[in-house]
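Have a look at these structures, which come just after this line.
Heads up, the next two complexes both have chain A, just with different partners, chain B and then chain C.
This part shows the complex of A and B:
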């Protein structure tokens, strides 16, 4: 085939993707769930960004080490401490802001790992088939019945205090099976399509078929799963911290709840008990809503249903 | 006949998976940094007792022999002695198992049934105010942070209002009273069960509701629903007998896939309410470096999840004959 006669497929593809994206975005943003989710996440993003401000104003606002010298116990909200202080006299508001940063960090990085692993394994299993498929999917079955939180607890018992990146890594290693199952079945149906056959006849290698032809078609689905995995990663980290096995060097919302619970302030200090719980619940809710709104973008059947 | 061979196949799979989990746990315990003997033998034991236990657990043997002994001990119910309680691990976990099963099964069954019933209503009145509130309600309860919800329920209903006990599973005054009959004791457990059960119920019913709602909406578009209506059946008959029965199948699948997640929630609930179950025992054992207890509790929890999985699968196969082939 003469090169000059070829269509400029790359440019076509790009404009096609842009159009797709714009259409998807307009559906997405019209969806009340999508709107609420994005709005809340922007709010949490601002919180995370603002977390650098209080320690910069006064060292006593450092979330972990800063202690108000005049207060060494938990007191309610005041002008100096908007949400009050914890049992050591640390400022709860700056802890809450720092918690937003940790939640994003843990949620997004663990979810990213999960999805990269899940997509790669799902595509490999679906494309290779046979023994590889069977082995990978049986492995997925086994990991799927393991209660992640409890397993991380066991690891904490064996290996001592886990730091935040180890926790992220373990969550990433244990949450991929759900993603890979979906990606696998998508790959299986893509494999039957004529364009894959065409690519194979044209002499494309397995790797090229997987990365150039299959991956672009499963990525939207992976992205969808990523939002749901953010939710579960944040919850697992928070639960771990709540039980007292979090990274002792970080201030997460789960950690704040652990302190209020373990120091017996939960019935005395609503100003301390309420904010972190509301934040964890709302951030997981907003990622969840984001996922459901994206689901509607990716699956037009759901859209029609809303019109009917 | 078909169903029986299906169950048999699933049971074989479960045995294999359990065996692999067990092996993984064995390797983790033996190969983790630190001395495995220190992990399995209570540091406060007399040297003679410690030596005897090392021999029983085979800790002085090469890894392969240790593994064989480990498997043999498992089938004989020998898990070593708890560091904290100083009594055989197997006795402790057998005592706790029924409590976990009570909380786990009632919460799963209750939340699935309520989720199905409400999801049916939401789908049937799609777009109505009922639908909107049910959907929002289930989104919120589904994503709320479980331990926090548990603390809130304790704070409001146990501490402020005093309707329910704050912690535990039984009240001593009822159980130590020789005059108290079985009924009074059951009632006492039920009273303690309300708040932990509500916590798990609130967390779980939302996902069943959402799955039921969307699957019911799909089902309502099917031709056989049109046929049912054309035959002149009432709305109620079409909804309950023709649509809902088929629509409920994905809920069963969802419950099965969520079992591992549910047991995490169960452990958190047990811990906050100090409900004497295996999940709480595991958390407790881990915080007290009680390795033999932690290992056995984890294995038992994995077993509970696996068995529950099979039950859900069998239920599914029973409800939908297509998948057996």
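This part shows the complex of A and C:
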């Protein structure tokens, strides 16, 4: 038992993170919501990935610029155009595929920004407390009461058409307060936990406490919020595009709806109206289900007791 | 006689409780410690015994500098705690460690056992590489988690409460501190596990020569482990002396009440009792008289209700804060 004793360190098993992940995954995938969510997301992922194929087959399948030379108006589904064409003969199916890519791009990047901002601000407010906390949380309150959509509309009215990345940036800048409130309260409760005090007694610096002890305990919650924020980002982008303030250079599902409406095909061309509408509903639903299933992984109290 | 390593000089600490905004509760003051002075000698296990809310944990938190005293001084090896900053504070953190009450809360759930125990070494840059790993493993083995290789990559939720408390002890001891505050380390564990933890603490003292402040509500645990005991009630020290003396010949009515409260085997009427605790609290103004006045059967209405008894010596190394220590109680014991 002396200090000089050699330990057989080869017996230390290293694969714990993998085991941890697999355990969480098995809970996740047993949840019907998780199954449905992942299934749908895989489908949309395939759609997004497949969006490069039609333009490669024939330039007339380019979602934005490709026009079928024989068709200059909206016609229903055919072998050549599986979902039909829009008012100037562009293929609706390839537009739908391109829309999936845009939805993922907008949703994930805006949600990522939101969550990074929200987590950083929430942890700072919660850990520092006092004046910093008050200032940051009042700022959060102010931003939270401003309707994002209205603000983006006003910006669009002022500066003309907005680039898709500007829209993502604005969504990111406007949606963090909700995340930061949750992260702040989590940080506040963590700060009182004895293991933080134990770290202080051991001489840990503030940075070490924040990054080593608080952050790993709030990150799962951040990821959970990210899935919910993806939903809201996609909805906001679709609403903007439908109202005519989207990025005119991209083909998003909201854009497709805007074109249906603007060219007066709303009640004449269900083959054009329905697919993007259904896609928007399903992708937000699937991210929501993903979040709910993740909730169960993170909070074991939500798990149903297995029958013996 | 060994020299004192830790001194508390007239230390007071008050917590402010926030009142609720809409009336309900008024803002109040909780006096956790009031003018507490005590000395802990090098190499001893000093027991601080009291009921919940008596201020014993506050004393421990002051010593490890998780809180600062409102007035008075805490000294370790002649260094005044409140003056420590930066590098000297860090050096102090290396020498003084704490074992927390709740092993379910005192380990970070996201860190493996190895990561938890190695952290103090990393912070103080005491060792690196192979040597650091050996130190951690040997400490994990010393606290009785064997073989250590099979424990280091587990996470707290995979261990029992007792095993977690062993890990917490390893984390505190891996710095080889001079002084350790053990804050009710067994109150969350099964009774059968307590003795094992006590033996680890005794083993640690033997091996590293650490001084330990053992905070507990149980006189039995204090008797088993401690050399000297201080009994604390509502922030006041009531009685100080060697463990054997305080428990076998208690002088303060509160200490006697604590001993009455210990579970014993046998028939109730055959066991001698001190019966110093009043069934119903008597009316009185707490701030004026003896802190135990309202619950003391032996209290003298005029004197005990109006004056605070000081901690007076009644023998070598023996102190009691009572006007009527021992069997000669106050005359007006009937109370209202």
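Here, the second predicted complex is superposed on the first by the 284 of 308 C-alpha atoms of A that agree within 3 Å, B and C clash if a C-alpha of one lies under 4 Å from a C-alpha of the other, contacts with A are read in each partner's own complex, and residues count from 1 in each chain.
Keep in mind that, in the parts below, a contact is a pair of C-beta atoms (placed from the backbone, for glycine too) under 8 Å apart; a residue touches a chain by one contact, two chains touch by 3 or more.
All values derive from a computational prediction rather than experimental measurement.
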- Task: Based on the superposed arrangement, let me know which partner A:104 touches: chain B (first), chain C (second), both, or neither?
- Result: neither
- Query: In the superposed arrangement, does A:194 touch chain B (first), chain C (second), both or neither?
  - Reply: second
- Message: Per the contact definition in the header, classify A:261: touching chain B only (first), chain C only (second), both, or neither.
- Response: first
- Task: Answer with first, second, both or neither: which of chain B and chain C does A:217 touch in the superposed model?
- Result: second
- Query: Comparing chain C with chain B, which touches more residues belonging to chain A?
  - Reply: B
- Task: Return first, second, both or neither, reflecting whether A:61 touches chain B, chain C, both chains, or no partner chain.
- Result: neither
- Message: Can you give me the overlap between the chain B contact set and the chain C contact set on chain A?
- Response: none
- Task: Using the touch definition up top, name the residues of chain B that touch chain A in the complex.
- Result: 13, 17, 20-21, 25, 28-29, 32-34, 39, 139-140, 142-149, 151-152, 154-155, 159, 214, 217, 257, 259-261, 263-264, 267-268, 271-272, 279, 282-283, 285-287, 289, 291, 294-295, 298, 301-302, 305-306, 309
- Message: Applying the document's contact rule, which stretches of chain A touch chain C when the two form their complex?
- Response: 1-3, 5-9, 11-14, 16, 20, 193-195, 197-205, 208, 212-213, 216-217
- Query: In their complex, what parts of chain A are in touch with chain B?
  - Reply: 33, 141-142, 144-151, 153-159, 178, 231-232, 235-236, 238-239, 242-245, 257, 261, 266-267, 270, 273, 276-277, 280-281, 284-285, 288-289, 292, 302, 305
- Mind pulling up the chain C residues that touch chain A in the complex? 64-66, 90, 93-94, 96-98, 100-102, 105-112, 114, 119-120, 123-124, 133-135, 137-138, 141-142, 147-150, 152-155, 168, 171, 175
